[in-house]
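Lettered A, B and C in written order, each chain numbered from 1.
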Amino acid sequence: MEAIKTEGLTKHFYEPLRRQTVIAVDNLDLVVEKGEIFGFLGPNGAGKTTTIKMLLGLIFPTSGRAWVLGNPIGDRKTRQKVSYMPENPYFYDYMTGEEVLYFYGGLFGLKGPSLKKKVDELLELVDLSEHRKKQLNGYSRGMLQRIGIAQTLLNDPELLILDEPTSGLDPIAHREIRELLIRLKEQGKTIFLCSHQLSDVEMVCDRVGIMNKGKLVTVGRLEDLLKVGEMEIAVEGLDPSQVEQVEKIASRIYKKDGDFLVYAEGEEKAQEVIDFVRNNGGRIISMVPLRRSLEELFVEIVKEEG
Amino acid sequence: MKRRLWLIIVFLLVILLQLKVDTYRENYKPGGTTSFGYISREVLATALMGLREVAASLLWLKIEDYFHSGEHEKITPLIRIITWLDPHFIEAYSSGAWHLAWNSEDWRLIPSAEEFLKEGIKNNPDKYELYADMGWLFYDKVKDYEKAIEWYKKAASLPSPPLVKRMLAHSYERAGRIEEAIKIWKELVEEGNKLVERNPNNFEAIFDRDVAVHNYNMCIIRKVDRAALAKKPKTYYLTYQVYRVSPRILQVRARTNLPELSRIRVSLVDADIERRKKESLGWQLMNVTEYRDVWPQVKGGEMKTDIDLTDALKYPLKGESFILALSFLPQTQPIPVQDYVGWLGEGMTGKDVIVVHTSPPGKKMEKSTTLTLEEILGQQTLLLKEVK
Amino acid sequence: MVIWNIARATFKECTQKKVMWILLGVALLIIGLSFIFSFFAPSERLVLIKSMGLGAIYLFGAGIALIVTAGLIPTEIERRTVHTVLSKPVERWQFVIGKFLGIALVLFMNLILMGIALLIVIMGQGSVRAEGFVKALVSNARILEATLLLFFYLLILSAFAILFSILTTTNISIMLSLFVFVVGSLSDYVESLINVSQNPLTQIFLKALHLLVPNFGNANIYNPVIHGYIPPGEFLYLLLAIAYALSYSLILTSISCWAFAGKEV
């Protein structure tokens, strides 16, 4: 059973002022497996938040179907096992930090000492224990973000849908959240992570999907997506004539103080290079498969799409 | 479908409930009917939005202004609106009726005052005030003591101050029903004694009791004195002349041997006044002429008074002929005069004295003559009629 | 449980709103300013204090109901607080009912405060205390009866404001609800017009209007309360009038729940 599955999920918005229909999500097929951290990327207006809102039953698909934890979207019982943190979360700012958690806990049907214990734990976790009696309108952006994360953990969820969870955080809190995400994953939870912080995604996500203009452009394992197929092989101890021969096999070569960086396209070519070097008395210093950064991939895709 | 059914069922329930609520709504609604001629838009809006009683009180203030500025004609319609807005504003009925009967000095409005009080009584049947006002209207203004008794009886049967019962006793006495008057004074004395016993420092109760004792004693004395009058009645006469002083101003000069300070009622009304009154529905009786004066006094065997009809609004003189009447009504006389003639004229006799078949039977003097419109409107000063 | 949670949060939210306290403050000020009637005779002054006070409660109660209610759900949507709530295991109808109950608590608190303030002012009048404190308190407690009846009718108004605010915007909701309130307040006059009118078509129209529009006028039992007498069958009247208000609110709230269930937030 998948944590999230959509089939041809589509959402049109009618904009009365411009008298036109905007296709926010276009025929989205997406599968998020249980237990993985799925990074959901895309520029602003790509349809990420619209997709999330459909998954949570806040808005309704124009066409297509979707399931969350095996149940069709809009099912109340499913939401018991899901938690959501919206982008730039706004909470009832007349409540104090602990009141908000008590309130949301109540919505999950928690009460009494177990709720109190949970609230205490979570406030400790997000380091807000000393501000628990303070009204939210006195909280900084980072504190609000941390309360937002705390409230997603109230119900011990199977699936967390997080929209920009690390924006507005200082570097230390940022790292703590990142570690928290990994810890949650280790507990077997599924995390659907929307983020602009590509470094976060790159560091914690198993798979990513990239949306642009309502369409899912790319989806796959992060390693697969970032792999470009080139090997960077550092070589030493070859004389120049031999280097010329290597150049024929490799796609390009950089010379540096008698060392060479040989780039080989594909595994076969790489093996050929390695064999050649070994047979001719050279030494392989290092061998690194080349990867793009996620940022490069992202920019490339968005540019391609225009 | 289920939803629609649900809505329809609940809505039918709502309609049923409102229909049922409407049957009780009478108790809370504005009373009677009225026109909005004199009401300002602000007050109307106040009234419409549920602040009816505030609007009524604000209009009540306005009446004060009209009264002081002398715009009397605006008062009555305004009071009608006040009682419509707040049918339990007793003060408004009370003073509205007072305005009509006394303040306007227009005898044609007395039936209106009576109707108005009746409406107030209909809306406030459990309060003594308006019954007592009705009693006072008949006692003081109309001088119909039987009717005054009727209303004061009703007032006294409700929780009310001792004054109401005292007025009932006075009404009985004026009506010549002296035994009943004595009975009530006796009751009042007993009630007063009880109150004073309970609290010897209650000065109000002491005063009320003493008034009752005094009146009780006086009634007993008069009962004996006046019983003697009937045994040897005195012959009285009344003659008069009617002069025209100028157009619409007449003068009556009467000669009589009635006791000093006797009051002669002078009236001049349309010959067909009853028909005219019936025809003029509503508040303004534009076609009716009704002049009455109850105050002219006998001084030194003579009575002289002017009948001033120059106010053409009050005295339209629309008919062709009018009846001028001078009457001596023993019931209405001041007590010193009654000491000579008795409550009901027992001490009177003579060819000018008429027997009135009331219960108990009474006597009165009444002499009338007919005047034509020309006679009243003519220019030169002239003796019009001589009534022997 | 969920509903109660939302109701409590709504109550808390409303009591944090300045506008509610300002309206309540002005109403209490008007109720308290009764000494300006000192030039009236005591009995008239009492009538004026009671009628002004009850009138102020009527208008300001409605004002609070309108302004506080109409903004409630649109604000949640605008500030996106609704997302975190509805993504929890909360049904849409639970959210609407919770909001409605929260408002009911707010209105109840406001009306009770205003009613008690008026009662205190009335008891402060020398002419009232003269008849004995307990007796006066009992007879004037009917101020609270009228206020309580008004509470049920303001529920209708709030139910309208909620419905209109789901279908339109806060401002349009306030205007529409105000319109309904004014028309409904005229119910006694509409009913009277039915009898005055000669035209059967007009009569049918007025009767239909009378039965369809929420009759806020039903809450106006002020005349007997002001003059301190109890009309026959008042207890039954109160029961019927309350049942009417609750049924009407039920209809509106049902529609609100369905409308909100289909609303994209």
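Definition applied: a contact is a pair of C-beta atoms (placed from the backbone, for glycine too) under 8 Å apart; a residue touches a chain by one contact, two chains touch by 3 or more.
Predicted model only: the values in this text are computed from it and were never measured.
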Chain pair bearing the highest count of C-beta contacts: B-C
Chain nearest the global centroid, as defined over all protein CA atoms shown: C
Centre-to-centre distance between chain C and chain A (centres being mean Cα positions), rounded to whole Å: 51
Length of the line joining the C-alpha centres of chain A and chain B, rounded to whole Å: 97
Geometric centre distance via CA averages, chain C-chain B, whole Å: 46
Touching two or more other chains - residue numbers and ranges from chain C: none
Contact footprint of chain C on chain A as seen in their complex: 53, 56-60, 76-77, 79-80, 82-86, 88-92, 94-95, 103-104, 106-109, 111, 151, 155, 161
Contact footprint of chain A on chain C as seen in their complex: 1-2, 5-6, 9, 12-13, 16, 79-91, 262, 264-265
Residue ranges of chain B in contact with chain C within the complex: 3, 6-7, 10-11, 13-15, 17-22, 24-25, 27-30, 46, 48-54, 56-57, 60, 86-89, 91, 126
Residue numbers on chain C that touch chain B, as the complex places them: 40, 43-44, 47-48, 50-52, 54-55, 58-59, 182, 185-186, 188-189, 191-192, 210-211, 215-218, 220-224, 226-227, 229, 231-234, 236-237, 240-241, 243-244, 247-248, 250-251, 254-255, 258
